[in-house]
Structure formats: structure tokens, C-alpha cells
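Look at the two complexes coming up: chain A is in both, with chain B in one and chain C in the other.
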Partner chain A sequence: MNFELFFYLLVFPGFLFTAILGLTVGWVDRKVSARFQYRVGPPFLQNFNDFFKLLGKETIVVKDSVKSMFVIAPFVSFAMLALVSTIIGTSLFFNISFGGDLIVIMYLLMIFSVMVVIGGSSTGNVYSSIGFGREIKLLLADELAFILVLLVPIIKSGYQINLENILTAQVNGMFINSASGIIAFIIGLLCIQAKMTLPPFQIPEAETEIVEGPFMEYSGPLLAFWKLNHFMMYVIFPFLLVLLFWGGFSFNGIDILWSVLKYLLIVVLMIIIKNTNPRVRIDTALSFFWKYATPLTLIAIVLAVFGY
Partner chain B sequence: MIINELLLFLILPLAVGFVNLFLPVVLRKVLTFLVLTFGLVMVYLFYQRLTDSFAYFNVVIFSLNQIGLFIVAFIQILSFIILIFSVNGLDKYSEKRFFFLYPVTVSFCNAVVLSEHALSFLIFWGLSGLTLYLFATMGKTHDAPKAAKKTFIIIGGSDAFLLMGFVIMWLISPSTGWSLNNPQIPLQGEYAHIAFICLLIAAFAKAGAFPFHTWVPDFSQNSPVESAAFLPASLDKLLGIFLLAKMLTSLFVVYPLMNVILISIGALTVIVSVMMAMIQNNAYRFLGYCAVSQVGYMVMGIASGSVIAFAGGLFHMINHTIYKSNLFLSFGSVEKRTGTAELDYLGGLGNNMPLTFLMALIGGLSVSGIPPFNGFFSKWMIYQGLIEKTAILDSGFQLWLLACIIIAIFGSALTLANIMKFLHATFLGRRPEIYKDIKEAPVNQWFSNGLLSTLCILFGIMAVALPLKMFIYPVVEASGMNIPTFVGLYNPLIIILLLIIAFLVGILIYGLTAKVRYDDVYVGGMPALEKFRIAGTEFYNEVRNFTLLKSIYNYAEKKYFDLYEMGREFTFSFSGYLQKAHPGQLQLYVLYMVIGFLIIMLVV
Partner chain C sequence: MDKNVIPVGPYHPLLEEAEYFTLQVDGETVVDIDLEIGWMHRGHEFMSESKTFTQSLYLVERICGICSTSHPIAAVHAMEDVDNIEIPLRARYIRTLVGELERIHSHLLWLGLAGHFIGYDTLWMWAWKYREPVLQMFEIISGNRNHYGMMRIGGVARDVDPSKISKLMDIMDEIEKKIEMIAKAANDDPVLKSRLKGVGVLTKKDAIDFCAVGPTARASGVPIDVRKDEPRDAYDLVDFNIIVTENGDVFDKTVVRLLEIFESIKICKQCLEKLKTVNGGIRNNVKEISAGEGIGRYEAPRGEVFHYVRTDGTNRPVRHKVRAPSYVNIPTFKASCKGIPLADALITLAAVDPCYCCTERSIKIIDKNNESRKIDLLKLSREKTEQIRREMK
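Right after this comes the complex of A and B.
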């Protein structure tokens, strides 16, 4: 078997890179959020400490649950995220299309929601079941807009669905510099907020209301992996946006700085949205995405078809 | 020559069906099993060597071509697997009829596919509709007779359209006569259009595409699950889509606008039925609507005029028959154990029926198009074809097709949502106490589901090597197209390999660190009671009450969009007037006669 493949998946740009970067960015998130709330915030390595400490804790499994699903759910989503980060990362860093195209990514990402709800509701806890319903409704809400957002770069690159070709199409001008691109980018940012269940779309977890919903019964290493999954998404989604709209990364001299800034800017925008908005109700989220975000992105699609 | 090997596909199952009438039930099962096994062997032999046609009175009646063989192969495979499920589980009375109808239906369906003469096509098409009706009458529910009647009227009515279509085709193209062998009638002028639409109605009614789909949910809800998995989920899809594919590749030559119209109907089918599935509380009805929505993808693929999408559409058809019969049968096992198909009363059975749950999960993920299962591969092919098609059109059509693509992709997200609700309500969440002692399904049932699930995985991971190269590419080539090259990139083997490796890494870390303790579920500091249980059927009420959708749903529940119900209303109100006009008064009848006489005089 190809050694490179394993390296891509397990070290760079897959699991290890995504996990470490994700946990680090997670620290940025926690620190900035703390500053928003006039707190000091955790030390740099706090997320790593949390992860390893959780690994050492006891796992409590519900007696009457579907135990196999309860246990494998976090690992399947972890595997999916490692894979998606590999696919996106190889195109971004090595300019190689590998494993799958944009449609594959779109469908792979749905596995996350599936696993969250299956793992959570396998316990039979009523809060997990409520979280189940909310998670799927949120998926429905943001998915429509998300599909439209992903279609914009497909149209603008002349109907290419390979990540490599979408990147190549941006050599002469990044899609974010066009009217359709910027609209899609902004809506994409909001969709990501919902996909990562960050406030204002933290509806399925809603600690104060349904006590983390699907994750309620999770503890120990299983919870550690759910947390890790969450932080890995801090890498995957911004990278996807950079790839689709912002011309990817470049590593020649000063461009490195720009690349890092691009990524950080998206993350900071996400953190700002997260910290300045209260949690909305699920029907509000539905109408936000279906009544406002989707028509806006439809306009972006029309603009893209006509070349704007 | 009176007997040809080809005829064995027709004669053997038919003979077995009639012999079965006089045999005890055990022998009926054995004989049916034998004939279907023999059918599989025959399919294998025919794949080695395609035989000639079979003529009678110098008219070719049956012939075997690539697409025919492909459909027959899957008729045989699916009826074999579903038979394994049906061996036990039916009650004594139903069993007798079932094992008569089952081989007979296989025979008729084979005959439809093999027919090259329009009349034999029509006759066997009608007969297969008749057995569908007879299956429907086996239902035990309160609404079963109604559903059977509805099925019969829609399917029987579509037969009339088929007849009309063939007659018009015969009028347009007398040189080919009744032969269905590649007449390639150009779609010009009103007659060709009428013929095309007539055939389209027949294909759509059989496959269950919008707006002729309404019999599928009713049939699924009210008939024995074996027949629901056998006919609307598998064989009728094969036949309907077969007719559609035949129409578009060999019977007619269509123009691009017609492609776009058909794609739009496909997209409409996807979205309408998936939205209807969302609000169903009966599992079978729900699965019926799901089955309808998948037809939309097939129509989109086959009608798109792009080779990748055409191959994808055919692939989606067989994938659909596999995972949908899997879902029907998995839930059938649950229903046979619990005695209810109402999702409100089920829940938490994943622990009691782990194998059935696993099969249903695999089927569910396949139907929602989650990689690396088979449903994804075919959908991916269809999307590519549509995107490829879109690229070469002008802006207006581009937007239109993009809308269809968006609907299709969003449709699969909706399907996922539906399937998750179904799985939650059946297998996840909290189990009602009365189902504490439910046991796993009998061996034959989960074995047959297991075969279908294995096919789901195998066709997903080895899509190119197995189904595409073995079954579909020969059909594509025989239809005069080139083998498609993919525009996108999807390597299921690498995807699954990497998924497994990453998964193992995770499990390894867990295995090294885990210390497990078992405990109850607590709510508010107390062990959770059964009253803290939600079935999950109400999950999507927000969607149902969404401003724009609310009134549409209300109209749909009043059956305003059901052609059959509308037709029924119209017929009854019309005959009501006629009834009123016949009060039994002699003077009035004399008046009618005078008026009639005057009209005749005026006309003449």
C-alpha cells in the first residue's frame, strides 16, 4: 500500500495536523470568548490537557442502550473528519485531488450529524432524543443554503467539481472578489456556524436547556473524541471556505503570512459571531436559513450563472 | 421451433405457480425456491451467450437484449432474496395464495421485459398489474380493500394509456408495426407526442413517479410487507424504469427540451414525496413515500440525455430495489415481532434486534446517499451527468437545471432526515416496557436482509468493478452510447480504507484508555421513567408548520394533489347528477327521448 496515503491521513494534512491545529485554534476561541466576557481565559495548552484528562476518565455506558452504536459513533465521525481534512488538505497544500470531489465532501459531512444523533439517542435519554430532533432540523435548515453555497464555486469554475480544478480556476481571480462569491462566502460562514452548532445555532446542544442534548450521556474517552471532533471542524470548514472562495493557500515568502491571516480571519469572524449572538429557537433558525439565507444564495447562483 | 430457452423464463415460474395451487404449503415453498434458483442459473448462462429471438407465426414475440437481460437478472436476484424472507412469517391463509402469486408474478415480469411485440408487452404488463392487485387484496388492514381498488384503477388505467400509445405508434410508423425493436420514432407532431405521453403515464404509474405515485404508499401500508418489498419496491420499479429507458433509447428520439421537462418531473417527484414522507407516522406508508422519491432520481438520470447520468439512473434503479426492499423487510421483521407499524408506539428496539437494526441502518444510509454505500455512487453519477449537461446549455436552461440539481441534493438531505426519524422511532430512543422481551428476527429474515445489506455495501465499494462493468456498461454500449468517463473524482476503495484506518486509530486510543462502568439513565437525578419517552414522530412539526409549507401540507392531507382521489370525486359528483336526472318519472324520460330525437335530427 502507498505510504504517502497513510502519511496524508494520519499525519499531514489529516488527523494529527488537524487535531493539533484544531485544539490550538480552540484555545484561541476560548481565549477570545473569555476576553469578550471580561475573563482571563485558559492557558495555551488547556485543550490538550482537557483531552488527555478525559482519556483517563471512566466511561459510563447506559445499561439498556444500543451500546455498539453509542461507542462507535464518535469514532466514525472522527474517521470521517480525518478523511475530509485529508481530502481538503491535500488539495490545499499539495494541489492533488485525492479520494473524492466536492459532492463527496458534501455527503461525507452529513455523516457527522448522523453519528451525533445515532450515538446520542442510542441511550434512550429524553434530552438526547430532543437533541436528535433539533440536530436533524438544523441540518435541514442549513443544508439547503450550504448546497447552494457550494454550487457557486462549481458554476464559477465552469462546472468543475474536482477540488483541484476549482483551485486552478481561481488562479486568475479569486471567487470572493465577485458579487456572487462574496454573498456565497458570507452565507457559507453562517452555514458553518450552524454545522458546527456554534451560537447562535447551538440549538441541539443548548447546555442550559437540554444539557448538551445528544452528548448528555457521554463521558471519558468517548466525550474526549466528541470534543476533538468539534475542534477538528475549526480547521476543516475554514479550509473549505478558503479553498472554494479565497484561492487556497500559497507558501511563497510573504504569502505564508497572508495564508495564515486568511484562515485566522475566518476563525475570528466565527468567534465574533459566536460571542455576540444569543441562541435562537429552532423555528427561528429554520426561517432564517429558508427565508433569508437561501433566497440570497439563489441570487448569488443567478449572478454566478451570468458571470458576476 | 416451439420451445426456445428464452421461454423458460416465462413458462417455468408460471407452471410452478399453477402446480403450487394443488400442493401443500411446504412443497409450494420448495418448488418456488427451486424455480427461482434455476432462474438465477439461467441468467448466468444467458450472460455467457445471448440467444436469438423467439418468433411465432413469423412475428418476433420475445427477444433478449442487453437491457432485457439486465432487468431479468435483477428480477430473479431480488425475487430470490425476498423469497428467503417470505419463507416464514405469513399466516396460513395468506401463504397459500402468496406462493401461487409469487412465481406467477416473476413469470409475468420476465415476460414483459422479454417482449418485443407490443401486444405481448401489453398483455403481460396488464397481467403483472393484475397480480399486483391480487397481492393488494391480501392485506389485513381496514383500508386494504380501498388500497387494492386504488392500485387496480391507477395501474389498470395506465394500461389503457399504454394500449393507446402503442396503437398510435403503430399508426405513425406502420413499417415497424407492433415491433418494439428500435423503431426510433422522432418526437415530432401531436401524434408522436400523444403516444409518448401515453407510454410515459404507463411507465410513471408502474414505477410510481409523480403524479401517478399515490398507490405506492397506500399499497405499502395495507399489503403484506413481503409483497410491498417485492412489487412496489423492486419489480415494479424495474419494469417502470425499464419502459422509460426503452422509450428514451429505442422507441422515441427525444429533443433536449423534453429531457429538461422530464428532469423537472423527476425533481418534482423527489421533493414532493420526500416532503410527504416527512409527516407520516406509519412506517410502511413512510417507506412507500420514500420509494416514490427515489424514482425521481432515476427519472432525472435516465431522462437527462447524458451518458453518465443514464448509467447512474440505471444503477440507481437497482440500488433502490436493493436498499428499499431491505428497509421494507427489516421493518417487516420488527412489525412481525411487535405487531404494530405505527412509529408512535415503537422505540429502542436496537438492543433487542441488533442485526435487524444494523441492516436497517445500512439500508437507511444507502437510501440517503451516504458514502461509501451504493446509493451514493449512483446519485453521484446522476449529479455529474446533470452538471455536465448544465455546462453546455444556455443561461436560462442552466438556471433551470441547477434548480433541479439543488432540489435533488436537498432531497437526499431530507431523505436522511426522514430515515433518521424512522430509525429513531423504531430502534433508538427509549423502549416501551411492553417490548422488553422482543427477540431478534428469525434466521431466514435477517439472512435475507443481510444479503441485501451486503449488496448495498458491495455495490457501493466495488461499484465500477461489479455492477457497472458487469451489468450496466453492456446496456449502455448496447444502447449505442460510449462508456462514460467520470467528471468528478470518487474512489470508494480509498475512502473506505482511510475511514477504516482512522476509525481503528480512534478505537485503539479508546481501547487503551477505556474504563467502562454501566449505569441507568438519569433524568433530574432520578432513574428515568417510561413517561420520559418521545417517539420522535413529532420531530419535524416545525417544518410542517413552516409558513409556506403549512397550507401545502394541509391541502395534501385533504388529498387535493392525489389524481385518483380527485378523479373519484369528479366521477361521483358527475354520476350524482346523472342519478338525480333519473328520478323514475315516465314523463321525464319521454322528454329526454324527444330532446334526443331532436338533437339527432339537427345533427343529421
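Right after this comes the complex of A and C.
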């Protein structure tokens, strides 16, 4: 075990970097949403304050809940996300990756949803149980489309499942410049919206229907970690899209600005989609992903195979 | 078949007020719905009987914070009905102006809330932003943004300053433009349409059977509107249409309310135009009200509000009965919420624009065996709390 590995995992680009950037971008999200809605929005440090305040609050564990599951779910999913961010980050910033790491990312991201299901189901609350049922349905809806989206850069890079090789394949031309790339990018953006349970796919958490669903019984530090998980995804998913379709980041001179703009553009696109759509029903979401998104991605794959 | 019960209430983000619905669901489909009212102790009718007529107008204004001029209008109608008191022409226009402004602000408020309930917070904030000029108009007219205190027996309390009318007209034009924009945006949004079309249908037959009133009934094709059916104030002097649609779903309820805003703007503009030329007093001096009975009806934003007053020649009502529109609209959930997904049922609950504090009544319980013995509500409440506490241990 060497020191470098711990540095990657715990400081940069793993846990600490992702958490701080995530909370900051979470502020961007709240601020831009607020400006959309003619509000002022929270101050810069609001997300940090919220997080640390929640850490100091009492944790109430429901009497009838499965306590081990209830407590373990936010931390396991947090560990998963830290790991994913490390894998994506090291290949983006240090060109370090290992064979088949894209598949590992797929698995780890799915485990996050499974943890939401486990955490929600452990309480026995009626709203939570509806919420985790919806989470499963949403996972069924978006997972196939998401995996197919990830297949497009694999095909375009000459069947490489290694993140670093996908990056090097984009040196001569970013995948988003091709027909298949742009289709996959757009569908990927919508899948991310579903994976992050943002509107229009905020179905499992629907505040005015089932009162935050799976997270309803969480309080104190456990809730703080769920919130942190949510904000960390604001880093992970845009980074993944940049890596797979937009040629990664570059840090030579003016390119730094271009890299930051790429990332912010994806985040702002997510915020725009979030703020201009109502929450759809779960059956609408299912039919959207199965009837439209998945066939479209299949078309993109066929295009990618033929080199478009 | 397993059936779960989803409690919506007594405290739930969907409801701004305390109300309790139990939804029996099979999976995510609502099989049956049950409603329990009585979570707020009001006692307005009883309090009104201990106040003078003018004081009780201020009291009924506080039955509801949103339709806070519909109740006073219905109450003055009832009190004037006892002696057939006529009011000056200028006062009639002012009453109609205030009533219609309230309809605009109430419908915009509902539109915003409906947006929030389906997770569309941008629509919520925009609708409420454009509601703000209406409140400014209220401030110019009555001095208050809410609870205007404009109604008096025999007229209105304050005159509309003629020098302010052009400014009010300007604000009205501005509101109309903004609402046209928001109505177009809401109408053209395909996601919104797919979310609300065909959801929570209340058929015409059900609307009639449940005696639904207001936009709830009009969206189901029942052309019922007190403003046309029994016009008082200036409603027979101004030109407007009642909006009726046929489908009875949540989308139609939205459309009816949005189009009604435009009709209200039309009425307000006509009233303001007339107020420039119509002169005269704003209030007939009413010294006393003789013994008798009076009925007052007014089309509140949510439907017909009904006040009944019985007097005995003194300066206070002997009986003051209030029936708010939500009282008949809330039971329509029994017809419109069955057999639809949970997500649809919850927006249907909000779509009749229920106002629970209007509906709630304080209950007086009398012992069946010994009719003279009244059971104290406070005591009952304490006993129940004790019982719950014992069960929790």
C-alpha cells in the first residue's frame, strides 16, 4: 500500500475534492435555480453550513427499522461514490486507469441506487416504501439506456473499455462531434437526470407526494451523508460525460478556462432541464426511456459501428 | 390482494392546512379514499352571534385568508337582504372591482401551488411574482394587501381615489400581458399537458351528483356561476362570459381558472372605466336592521359561498350560517380519485383548490340521554391526548 493511493482516494481527485467541489456546484445549482425563479438564492457557504450543522444533530433511528441497514446505507453509497470519483478523476487528471474500469463504474453507480432502496426499505415507513418501489422502477427504466450510452464511446474508441484509452482516442476528435456522439450525449444527460432523481425524474423523492420518499426517516449525520452523496453526483456525472464524449480536461494555458466552461455548461444544462419541467409520473418515465431513449441510443450505437 | 393505507395529513407538504385523507392503495393505484375533517377548531359562526353587524363583517373576513373579501360580500348581501337595502351605484362597482381582483390573485395563487405540487417550482415562483401587482392594487384601493375591510352594510368603506384610476389601469394592463405569457407557456408545455390531461376526471354527472360548485363544476361542463345566475352588485352592468369546459380533468380545471383570470381582468377594467364617470356616495347610512332572515350568495374564487343571517331587531345576528365552496367540492374526491395512480390522485386533491379553514366548523356535542348536558370539546381533546399517550407507552 503506498501513500499515493490514499492521496488519490481521500484527497484528490477522490473524496475531499469531490465533496468540496460538489457542495460548491450545489451552491451554483441553488443559485441558478433561484435566479430562474426570481429569487435571491442562498449565500456561497450555505451547503457547507447545512452539512456541518446536520452532522451535529441528533440521529433518530426508527424503533421498528432494521438498524444495521438503515445506518449502513448512506455510508456504503458514500464510499461507492468516492470510489467512482477516484476512478474517473485519476484517469481525467493523471491518465491512470485499469482495464475495464468503465464496467466497474457502471456497477458502482448501480450499487448507489440499490443502497437507496435498502435504506428506504429498512424503515418500514409507508412513504419510504412507495419511494423505494419507485426507485427500483426508475432504475429499471434508466439503467439500460445508460449502459447503451456508455457503449457508444467504447465502440467509437475501437472497442476500448479502458477510460484512459477512450481519452486518447479523442485526441484527434471528440466523440460529441459525431452524430452518434451527440445522440448518446443528450440521452446520457437525461439518464443522469434520472439517476440523480432531479426533475422531471424526481419521482422517488417527490416532496409533495411522498415526502422525500426513501430519505424520509433520516436525520442528523445520516441525512448529511445522503445530501453529500447527492452533491457529489454533481461532480461525478458531468466529469463522466466530459471524459466519455468531450475529450476530457486539459490544463495548458487558456485550455483551463475551456475545461471549466465544459464542466459548467453540462451542469447548467442539467439545471435548465431541472427548472423547466414538472415531475412526470413513473409510468411516463418508464415509457419515455423504453420507447424513445433506448431505441434512440440503439440507433446511435449502429451509427457508431458504421463510424458516424 | 394487499391494500396499504397512505395517510395524506393531518400534516403533509401537499396541504397547507391540517386535513386528513386516507388513501387505500393497491400498489400505486388508489382504490378508495376517505376524508376526515375537523382538525381545526374555528367557531366563527358562534363568535359572529356575539358581535354587532359591522364587527361580524371583520370577523367573517378572517374565515379565509385567500378569499377574504368573498365572505364579507356574501355576508353584506345577507344582511342587506333582510331589509332589501339598496346601495349606491358607485359602491356596486367598487364591490365588484374588489371581488374580481381577489379572483385574479386567488387563481394565480392556485396556479403557483399546483405547479409546486407537480414539482414545477419555476411555474410556482413565476405565478406568485405576477400575483404581486394585484396585491399592490389592493394596497392602492384599500390600504391593505390582504384583509381589505372594504365592505359595509349599505355600501363600501372606502372610495377609490379618481386620481389613482389611471395608475390602476396601467397595472391592470401589465398584469394582463404577464398572465397571457404565463398562460401561453403553461398551455404549450407538452410535459405539463401529458402530466395533467385526463388526470382525475370528474364527470358531469358526478359534478351534479356531488353538487360541485365553482371552477370544479365549470371544468366538468356544468355552467353554474352565481355572478350570472343571480347577479348582484355590478355584475348585471358589466359584460363577461362564464368559462365552461367539458373534460373535467385537472388540465381543464387549470384552463378554466386561467381563462377566468382574463374575464376578471375584463370586468375590472370595465369597473375602473365606470368609476371615472359614475359619481355619488359610496354608502347609504343604515341605522338598524329589522327582524327577519337574509340570504347572501357570492361567487368566490372557489365557487358559491353562502351566508345566512337571522336577525331579531337588535344590533347583532341571532344566527349566522356560513357554507364555504370547499365544503361541497372536497367530497368530489370520492368520485375523481378512485382507480388512478397515487401521483395523479394527489394533484387531483389539490385541483379543486380546497380551502380547509373555510370548511372547518367547531362542533358542539350534546349528550343523547341528557340533552341539557353539553360535553366540553376541550375536555374531550384532553382525554384523547391522554389516551394516545397511554397507547404510546
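Definition applied: the second predicted complex is superposed on the first by the 305 of 308 C-alpha atoms of A that agree within 3 Å, B and C clash if a C-alpha of one lies under 4 Å from a C-alpha of the other, contacts with A are read in each partner's own complex, and residues count from 1 in each chain.
Convention: a residue touches a chain if its C-beta (ideal position, glycine included) is under 8 Å from a C-beta of that chain, and two chains touch if they have at least 3 such contacts.
Values in this document were obtained by computation on a predicted structure and should not be read as measured data.
Aligning the shared chain A places chain B and chain C next to each other free of steric conflict.
Once chain A of one complex is fitted onto chain A of the other, the partner contacts of A:199 are limited to chain C, with no touch recorded for chain B. Counting the residues of chain A touched by each of chain B and chain C gives the higher count for B. On the chain A superposition, the C-alpha centres give an angle at chain A of 110° between chain B and chain C, rounded to a multiple of 10. Legend: residue contacts after superposition of the two complexes on their common chain; A:122 is shown touching chain B, with no touch to chain C.
In the superposition on chain A, A:207 makes contact with chain C only, not with chain B.
Applying the stated contact rule after C-alpha superposition, one finds that A:306 touches chain B and leaves chain C untouched. Looking at the shared chain after the overlay, A:133 reaches both chain B and chain C.
Of the two partner chains placed by the overlay, only chain C lies in contact with A:280; chain B stays clear of it. Here chain B and chain C sit at a least CA-CA distance of 5 Å once the structures share a frame through chain A. Once the two complexes are overlaid on chain A, the chain A residues touched by chain B in the first and by chain C in the second are 126-127, 129-130, 133, 282-283.
On the side of chain A, the complex with chain B involves touching residues 5-6, 9-10, 14-15, 55-69, 71-72, 74-76, 78-80, 82-83, 86, 97-104, 106-108, 110-111, 113-114, 117-118, 121-127, 129-130, 132-133, 136-137, 139-140, 143-144, 147-148, 151, 154-155, 158-162, 217, 220-222, 225, 282-283, 286-287, 290-291, 301-302, 305-306.
Contacts from chain B toward chain A in the complex involve residues 348, 350-351, 354, 357, 361, 365, 368-371, 376, 380, 383-384, 387-388, 390-391, 395, 398-399, 402, 405-406, 409-410, 412-414, 416-417, 420-421, 423-424, 427-431, 487-491, 494-495, 498-503, 505-507, 509-510, 513-521, 523, 528, 532-534, 536, 538-540, 542-543, 545-547. The part of chain A that touches chain C in the complex is made up of residues 33, 36-39, 126-127, 129-130, 133-134, 199-200, 202-203, 206-211, 275-284.
Those residues of chain C that touch chain A in the complex are listed here as 4-7, 12-14, 28, 115-126, 129, 189, 191-192, 194-195, 341-344, 346.
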